[in-house]
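Just dropping this structure here.
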Amino acid sequence: MTETMAFVVDMLVHATPLVITGLAVALAFRAGVWNIGADGQFIAGATAAAWVGVSVPAGIGWLALIIALVAGVIAGAIWAAIAAWLRSRFGVLEVISTIMLNFIATYGASFLVRGPLQEPTHVYPQTSGIVSGAHMPILLRGTRLHWGFVIAVALAVIAWWVMKYSATGFRVRASGVNPFAARSAGLIDVSRVTAFAFVASGAIAGMAGAIEVSGVTFALYENISPGYGYTAIAVALLAGLNPLGVIGTGILFGALETAAGTMQRNIGIPSTTASVIEAIVILAVIAVAQLRANRVTTSA
Amino acid sequence: MIDGTSAFLEGVVRTATPLAFAALGETVTERSGIINIGLEGSIIAGALGAVVGAGYGGVWAGFAFAAVCGCAVAAIFALFAVTLRADQIISGTAVTLLALGGTGTLYRVLYGSAGAALNTPTLDPASIPLLSRIPVVGRALFVQPSITYVLYVLVPVVMWWTYRTHAGLGLRAIGENPAAATAAGIRAKKVQFLAVLFGGLLGGISGGTLVLAQAGTFVEGMSAGRGFIAIAIVVLGRWNPLGAALAALVFGAASALQFFFQATGSNLPYQLFLAFPYVLTLVALAATHGRTNSPAALGRQDFEQS
Amino acid sequence: MSDVALELASITKRFGRLTALDGASLQAMRGTVHALLGENGAGKTTLMRIAFGMLRPDSGSIAVDGTGRSFASPADAIAVGIGMVHQHFTLVPAMTVAENIALGGRGSFRPAKIRDAILALSERTGLAVDPSARIEDLPAGAQQRVEILKALSRDTRILILDEPTAVLTPTESRELLQKARELVSNGGTAILITHKLRDALEFADDITVLRRGSTVWSGRASEATEETLVAAMLGGERTSTEMQPVTAIATNRNATVLSLENVSVRDDAGVERLRYVTLSVHAGEIVGIAAVEGNGQRELLRVLAGRMRVTSGDVRIPAVVGFIPEDRHRDALIQDFSLRDNVALLGASTRRGVMGWAAIGRQTRELIRDYDVRAPDELTRARSLSGGNQQKLVVGREIEGSQTALVAENPSRGLDVQATAAVHARILAARDAGMAVVIYSSDLDEVLALAERVVVVHAGKVTEPSREYESIGRAMLGLPVS
């Protein structure tokens, strides 16, 4: 395998969780929900998938993968639903609650891999390997590239179609951009629609976690997410919250992370530089958008 | 047991101090109608700044440089959220990301990738005569690093400034109704910018406290979400400077519990204690629902059109 | 020293493509009340915001007491003795009267000292307020007094009042305008922005008329007549619906379309906004609502439009009621959506499955054509339309979407004369086509121009006085109607 080929494979493997969490963030932001908690939802999904993956009997074959993915989706949805419920019932700012839930998920996973779910030798802070039936099939033989990438692309296309052509997607967009008009002119139950989008966003992020476990790590580790949920914000914003665009920006950031990893190994540039670049991308995107918007407002 | 209680209370005040600094600053920022999610960034920048400053000129130079770094990070946020009127949530998140990544990178650049466990001078607890003799709370409140005493002075000063000066009145008016403040001749953007800088300054000192009064070293990501917890403390303190300081004590207690339990030899998993302040934040935010009197224009970016 | 207190010369101000002021001028003399007259959108408020330093002119000059000035912010204008009372109050609801009046000062803030100063000022001007009351607890009239005291509290010699009577009852309005006359008796100047001819003729010494951003008439009030002012304000654009009141023609009552029985509404804070309201609106009639702001008319309209739940009582309304809310930008349109997507809001809550974009696009094109919306195509963003064209789209969408009932709240707010006429014509046509129509306007003249029946909301209760200015005015104040 050539070096370029290896880079492309690595890039797409890295891009897979970023595209999916990017979709989760884009969906939430479109609905006017500031879900900064894709990271926690990712961890919840990964934890559930790993737990299923180590618990199911090996004999059920590929059913294990399905169950693991479904478990991940449900766990991510529940993790987001806590914040959605706190928001609708108590008016708790979701920005704060989702960040708190990120920390809680991190410590929760840390507790599990050092406690109830720790591998039998009790040496490493991780679970045992998941059953082989729960492994995501390989897309390109001889590489690490798995079908998760295809799922990510398919999810993006579905999300794009739903937002553009379905009545539900229209309600989500209307509620997000102007909840007052959505309520008054569209008679839309805005809080229900946004809560739905919030939970769906968590479900998608949870799926990303499940795919990461079934396609890459095959076990749950401490710090299984190097901050995917935060990178996802840059991915989504750079794509202009367009699901199809998220495929491109997700791959771009996948490349960035791959390169950052390589550079750290080879020339000692810290990998934290990647998050600096992400932050600069976000700031650049909002600066451009804001300067343009300010120009429009002053001319109106 | 008396000793245990006293040690626990001392721990409460010690862990509450950086939270109280950050929450006090954020209270002023939010009173001007701006919610600075990038506070976490100011804290971590302050922590690194403290290490650098202390390396050159000792503990107080460390605090000074921490404040400058916290302010610098807040200035980036203000540039976007105040000057450009960009979304405050997104700007704040990006600034946090920038500062967390930037400090990690700078630290390794400055001190090598091994991140040589660098030790800085720290403040020893200074005992205040007489006051420290008060039973039970005396030692807890008055045998603390001197930065804590700076906080004791700062809270009433900020309180007085907010409620008993025209400048404080103007600040509160901007957070409630910016159009009214502007019409009264107050320059809303300027005041908001300064309020954000003040929040960043205290955020920086908060980070400095973590290093110079507690850890004695810098660790990547050592702010550990304190900026976000501070924002919750502001809500719990009902946007009142004194309220924020008192609410910080509650969170100090939550963190101090783990030392207390460790000392008593409990075998509850430590992650439980680490997660406890975050759970408490959620519970506290939910519990204050409906009783809050948040500044009416908090978080709004569309305010000039009225 | 000249007798000219404030002079604005050849002021031009553009907002992007829109020219709000085109060489407007105004000269206000010392010791006079000066009326600034013009239709909605003529540029009155913009001109005065420039005089108060809130906006900077693109060209032209400002002189105060004969000295040329340039204001960077209201602070500069305040410093030379200009005060402004805004149409939409600029008070902080959560703060006290004293805090609001002290706003903008320097140094330390001592509530007791401020309180004494306010009481002294109250004494001098005869404007009574309680310095320690919170603004949100005060009725509109008292808030207005606070606004004026605030403006006067800093040695104000030139007081600008922007549509000060908009939120007041007719009686309160007269009192306020008389107060303005007293204020100028010792050499001060009051500039009164209004679109009411009668107020200008009765209370002002001098009048300046703006039309489309230019000064088209100025002179002594004693030399003006209603006819000359109307001609100046409207130019050649007088329209038939504008000045021609509808005669009551409720001959045979048609079917009841909207009906409320003993309806009460309590808001989130537990305050009763509507109390035992009973009201019927029939097919083919327009019922006007008259009320001083904050008396429950907002809730009444939303209940009738099916946009608000009631606490108790019986509501019978069609499944879809067209609703034209007063805040078009916030409640009626999504500015960043295309016209087509805005039309798609109709029925958005019940639509299932796939969006029929082709059909919605066709429907939008028909609306654009039938309601004379000036837009290139249906994919144009709502934001890029003028206010009048936006409102025409909203009116069309709501009328076509319901076809049985329409509720309109200040439907001509912020529109120019022609757009107002177009909107009025559409509402009348909807009535003629058999719709049940409810219209509220803060301008009683607009209500009287369109509605056959007028009901008054006061303190959450509904009454129906005889359809004439005087008795409606008394009912709005809650006074017994003779």
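Quick notes on this structure:
We just call them A, B and C in the order they show up, numbering each chain from 1.
Everything below uses one rule, namely that contacts are C-beta pairs under 8 Å (C-beta built on N, C-alpha and C of every residue); 3 or more make two chains touch, one makes a residue touch a chain.
These numbers come from a predicted model, not from an experiment.
In terms of the stated touch criterion, the partners common to subunit B and subunit C are A, listed by label. Put simply, the chain farthest from subunit A by mean CA position is C.
Centroid to centroid, with C-alpha atoms defining each point, subunit B and subunit C lie 45 Å apart. The geometric centre of subunit A is 48 Å away from that of subunit C, both derived from CA atoms.
One finds 30 Å separating the Cα centroids of subunit A and subunit B. Within the complex formed with subunit C, the residues of subunit A that make contact are 165-167, 169-171, 174, 177-178, 180-189, 296, 298-300. Across the complex, subunit B meets subunit C through its residues 163-170, 172-173, 176-177, 179-187, 293, 296, 306.
For subunit A in complex with subunit B, the touching residues are 34, 36, 86, 89-93, 95-97, 99-101, 103-104, 107-108, 110-111, 114-115, 230, 233-234, 237, 268, 270, 272-276, 278-280, 282-283, 286-287, 289-291, 294, 297. Here subunit C touches subunit A in the complex through residues 15-18, 306-307, 323, 325, 327, 330-337, 341-342, 344-346, 348-349, 351-355, 357, 383, 394, 397, going by the rule given at the top. In the complex of the two chains, the subunit B residues touching subunit A come out as 37, 76, 80, 84-87, 89-91, 93-95, 97-98, 100-102, 104-105, 108-109, 113, 220, 224-225, 228, 231-232, 269, 271-272, 274-275, 278-279, 281-282, 285-286, 289-290, 305.
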